[in-house]
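Naming follows writing order (A, B, C and D), and every chain is counted from residue 1.
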Amino acid sequence: MNDWIAIGALALVGLLIPLGMMAVSYLLRPSVPETNKRATYESGEVPTGGTRVRFNIQYYMVALLFLVFDIETVLLFPWAVVYLDAVESDAVSLTEILGPMVAFVVILLVGLAWAWRNGAVQWAQTPRQVESDR
Amino acid sequence: MSVAAGVEYYVLLSMGLFCIGLFGILTRRNALMFLMSVELMLNAANINLIAFAFYHGNLTGQVFALFTMALAAAEVAVGLGIILVLYRNFRDVDVTVPTTMRW
Amino acid sequence: MEGAFSYAPAIAAFPLVAFVVALAFGKYMPKKGALAGILATAGSLLLSVVMLVAVASGEVYHGTIYEWAVGDALTEVGADGIEFTFGILIDPLSALMLVIVSLVAFLVHVFSLGYMNGEGETGLPRYYAGLGLFTFSMLSFVLADNLLMAFMFFELVGLCSFLLIGFWFRTRSAPSAAKKAFLVTRFGDYFFLIGVVAIASTFGTLQFAGEESFVAAAETAIADGTTLFGFGPETWVTITGLLVLGGVIGKSAQFPLHTWLPDAMEGPTTVSALIHAATMVAAGVYLVARMFGYYAQSPTALSIIAFVGGFTALFAATMGVVKDDIKQVLAYSTISQYGYMMLGMGVGGYVAGVFHLMNHAFFKALLFLGAGSVIVLMHHEQDMWKMGGLKDKAPVTYWTFLAGALALAGIVPFSGFWSKDEVLYDALIVGLEQPVILAAYAMGLLAVFFTGFYTFRMVFLTFHGEPRTDTAENPHSVGWSIKFPLVVLGALALLAGVANLAPVAKLTGMDITYLEFWLDGEYGYVEGLTYHDYHELVAFEEGYISSETVTMLLGAGLSLGLAVAGAVTAHVLYNVPEPTRHTAKLGGAYDVLRSNYYQDEYQVWLAEGLTLPLARAADRFDQTVIDGVVNGVSTASLFGGDRVKRIQTGIVTNYAALLVAGFIALLLVLGFIGGWFL
Amino acid sequence: MAVFDLPGWTGLAPALILAATALALFVVDSISPRSANRALLAGVSATGALASLAVAVWFIAAGVGQGGIDGLGVIDLFDGQFVVDAMALYFMIVVAVVTALVSVASYDYMADHTYQAEYYSLLILAATGMSTMAAANSLVTIFIALELTSLPSYALVAILKDNRGSVEAGLKYFLIGALSSAIFVYGVSLVYGATGHLQLDAIAVALEEDVADGFGGLLGLGILMLIGGFAFKTASVPFHFWAPEAYEGAPAPISAFLSSASKAAGFVIAFRVFTTAFPLEVTGELIGLDWTLAFVILAIVTMTVGNFAAATQDKVKRMLAYSSIGHAGYALIGLAGLTVDGGELVMGAAMMHLLVYGFMNTGAFLFVALAEYWGVGRTFEDYNGLANQAPVACFALGIFLFSLAGIPPLGGFWSKYFLFTGAISVGTTSMLLVAAALVVNSALSLYYYSRLVKAVWIEESVVDRDTLAQPTGLYAAIVFAAVMTVVLLPAFGPVSETAIDAAAAVI
């Protein structure tokens, strides 16, 4: 039961402190509405346009590619952990250790190649390039 | 108080996370928020897996957590793609807007 | 001879082929399909004779051709499976019947050449197709080795009779007669069907013969005293037997389902000959003979058969007395004669019944074909009062018709005498111990007088005296195809009695009761299906007046005397140059007889006064309550469907909410049942 | 036979062939991006699917998964992460057949589409996932295979990028799918927490060794969440909400693909998980009730919702979508009818139904594809009088619909009949209720199926149509599916034997 007290206390404190600070600052701060305060912060430069600019679709493509390939590397870790042990052990042959991971990487490479060939990593095509690609 | 004995706290934590995610799904109308909420739910599962891997003393759960993360990333990738075409067609990422098909 | 039996299916198959050929190509064939029919029935006749010879040489056949359903079944006697098959049973009885049927069918086909083709009828392919199918059905029925198969072809026979009676479908009366025949026999067949189901569910088998037959199973059940469906075994056998008998009464035109037969005269006369002599009507009696072992186990059922038979014999004979239409007379004589057969069967006289069936087939076919010949002579005039004096103008027709009439009246030595006498003798000896049977016997005996009377009234009115109309003066001529069948059948009517000269055998001690030997397994036989076995099963006691011979002579003398008396009465009344009606002497009875004892009227009343309101009520119930419920259900379903689909709002957030809600509901229900929250 | 001599991992050949085909498609597309050589792409996909089918059939014929003397036994792979047994091969066949049909049909349907190679490679990837699902024997592999199926499916549904319906369908499918897979993973984590294992046999062993004592609640919740995941994949209530929209909005061949193959794959893992990992008796003691009860409820509700909602639809495709939900309810009977000491009959019947369904439902959706190809419109009225212009296809449609309704003597009747007798033979009150629901819903389904037949064959066309084209690929696929729906009838003996044997093997 005393475990619960600790947890409960933590939760309580965790809630109370931010809420209390927000309450205090609400009570203490002067209220001076001013449009400049709502302006976009651009490191002191004069802001040009709003925050809601449309990014080029290429950003998304690259981000997605990065995301996927980056996360796939996570799957290399468990393999890497057992790799040395497996090499030293006589029970498994080298093909059995290397094979699956090579196949995995090959599949990733095929994917990358496909993405490349389909222009996913081609940066910022000019309209003329787009025309010529069609 | 060993961690192994306190596995129920992790379950509570994960359940809390899961419910927050669910709450987000039920209340948010922005497709991206929807995705984030799903991520929360998935991570709730990950917490469970890792905690129980420790509790049971095997690595199955941890490895599965890795897979979950990878798949979650893939899911987000596909999801973002769909949200992009959603925006292109409906000019919005509000998930309640597309209702051309119903009943 | 084993090999011969492998051709048995062909007996039935030939007419089927003829049916198909006549239907498909009849139009293009020279005789519109007649030749195909003649060839097919000739082939059937030939094969049937081969079968007869095979049985005579001591072989029988019982085999399954096709097994169309096998299943587990829980039956009342404990057998745990049931098979529905098509099979063939050739024993003395069926071999004999095959020959009779195919012979008559063959002759009818030949006769049709003259009667139908010669008279320039249209629609002949349809006619010959009908005849072929009719013959096929009847032959298959005869070949059947189990009750269900028999039932199927029994029904097919009924269908064919419908088609053929209604051959002249453009007239007003023919279609109505066809419908009547179909409906009345169907009414009997309902009981038959229920009987088939009852027997199947009781014994788990529908076989006629062998260890696996329902007859044997019933025997075992009676011996063991097994309770069947809450009844004693004998009672149950009686009930099921009587249910099957319903079909027999319908088809064999026994009282009270005989009304269709006189109307069936609307069909071509050849069809009448086929119906009366060999197929439709004979099917009923044949069925009784086929499963005689079953009836033999129930004295009650036998008594009912005998009584119905005796009553029908008298009942129909009296009506035949006042008819003017030559075919009508013959129709009532048919009903009456089948009454005799039923009487014979009912008193345990299996041989006598079959004997009369055979003889009747010959002489009734003869009489009908003779009548057909007369009708051709008379340019399709059927009223006997418009005939007269045909004796000299058509000698062949006259002499053969006379032979048939003598056989029908039961004048010695024509075939009819021998078999009718045997039926009456069997009834008498049983009747001496059983008052019910005695009453049946008395009615049968009395009917002999009427038979003699109406038969000769018909002969005298038709052939004797002076021609009463112009057409009788100058009759149409008839060809060989009409004469040939008449001659063949005339000879048979005269001689067929030789098959079983029981009185002569008893008097002289000669072994000349061939038919009895035949049916008793002197030649080939199937275990349990012999006269001998049946005789042991029948529980009737037999009595004699002083001695067997005396009884026999007494009975024979009595019936012969009555027949002759009838004939003489007819002679006195009608064998004069200008016969007049004597109906006035009958007084009020005339109207009753003329109206067929108001049988049609009360049956029509039953249909219109009782069944129709009932049907209307049922219809109203169906229209309002049933349809209302059905429509209500469909409306409710569609409305429900309309509501259900509204769940699908199209908003994905709602889906997620509903999904979670559904999931939680499931969790709650299961948790509640599984006690998770306790 | 020669299967012996091959290394163990070749047991997965039907799935691996599909994977290789997908890679081959990527390679083709990488070599010549934006080429629209439809024949090559569709040909490669169909060939791959057929090769997969051939290998699976060969395996079954060679006796893989069958015990006894001439059987080769079950092939266990990667410490039991995969298992190739009769049931796996059976469903691999279903998936391969449907994939082949859809590939052939897509040749015409997707004729004007820009992203040909992507379409086919996604299709084959999804098929790979389904094929893998059939053999997956661990919650890990199941989840991966599930996602491998789902992710390409989302993309496929939304592949008509400029079509609002398609995009909306994809979005809804994706969102519900993401939610469901999150629930599923959470369920997996709970089951793992209760037992300490993810491999199905190991879970069963753990349950029997009382490892999970005290975790009954977690286990129960986990199992329920797993059911949720399967319910999503099989489009069962309450996880069915995506189905009507996804099937309606997606390209029709994809609807066919999802509603047949994907559903079948969903069922195979449900069958495997619940028969292998959660033995009724032990699990029942732990969680306090038989999990079959959940399936009883789901089966009844699913078939009722599906059929009732289908009854009043105006659009043909949406009607088929709802009917597909109804059929999921029928197939759920296979799980609802399991008992401690049997149930192979009813589960075999469900497997048969899924096979037959693979043909008749695919065929029906392909007819819709054909109608969309012609551009005749989407509602029942638009279909009026189509039989005048295209009697062959409409005749095939009649076969599909009557088979779906369960009219004898078509294939659909027999599988439903087996389901019905199977449910009756279990004999419990709840199963009798299920059987009654089956009958009532089948009767209702006849109403809306015959409505379509009536529209096509009897009603007069509202507008004057020119002669309709006869695209080879679509026609071939439809006619083949129709022939199979009919031919399955005489072939039902071996099919039912295989299905029941396969079910008996896993129970």
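The rule is simple: a residue touches a chain if its C-beta (ideal position, glycine included) is under 8 Å from a C-beta of that chain, and two chains touch if they have at least 3 such contacts.
Owing to the predicted nature of the structure, the values given are computational and were not obtained by experimental measurement.
Participant: Which neighbours does subunit B have in common with subunit C?
Facilitator: Both subunit B and subunit C are touched by D, going by the contact rule given at the top.
Participant: Consider the two chain pairs A-B and A-D; indicate the one with the greater count of contacting C-beta pairs.
Facilitator: The greater number of contacts lies at A-B.
Participant: Roughly how many whole angstrom separate the Cα centroids of subunit A and subunit D?
Facilitator: A distance of 35 Å separates the two centres.
Participant: Subunit A to subunit C: how many Å between their CA centres?
Facilitator: 94
Participant: I'd like the Å distance between the centres of subunit A and subunit B, where a centre is the mean of that chain's Cα atoms.
Facilitator: Here the centre of subunit B sits 15 Å away from the centre of subunit A.
Participant: Once you find the CA centre of subunit B and the CA centre of subunit D, what distance in Å lies between them?
Facilitator: Subunit B and subunit D have C-alpha centres separated by 26 Å.
Participant: Would you give the residues of subunit D that are in contact with at least 2 other chains, written as numbers and ranges?
Facilitator: Correct list: 171-172, 175, 179, 183, 244-245.
Participant: Give me the residue numbers in subunit B that touch at least two other chains, ranges are fine.
Facilitator: 25, 63, 67, 74, 81, 95, 98-102
Participant: Quick check on subunit C: which residues sit in contact with 2+ other chains?
Facilitator: 645, 648, 650, 652, 656
Participant: Which two-chain combinations qualify as touching?
Facilitator: After working through each pair, the chains in contact turn out to be A-B, A-D, B-C, B-D, C-D.
Participant: What part of subunit D is in contact with subunit C in the complex they form?
Facilitator: 171-172, 175-176, 179-180, 183, 217, 220-221, 224, 228, 237-239, 241-242, 244-245, 287-289, 293-294, 297-298, 304-305, 307-313, 322, 444, 447
Participant: Name, in rising order, each residue of subunit B that touches subunit D in their complex.
Facilitator: So the residues of subunit B touching subunit D come out as 7, 11, 14, 18, 21, 25, 31, 34-35, 38, 41-42, 44-46, 48-49, 51-53, 55-56, 58, 60-61, 63-64, 67-68, 71, 74-75, 78-79, 81-83, 85-86, 88-90, 95, 98-102.
Participant: Name, in rising order, each residue of subunit A that touches subunit D in their complex.
Facilitator: 107, 110-111, 113-114, 116-119, 133
Participant: So in the complex, the part of subunit B that touches subunit C is made up of which residues?
Facilitator: Interface residues on subunit B, with respect to subunit C: 22, 25-26, 29, 95-96, 98-103.
Participant: Provide the residue numbers of subunit D that touch subunit A in the complex, in ascending order.
Facilitator: It comes out as residues 23, 26-27, 29-31, 33-34.
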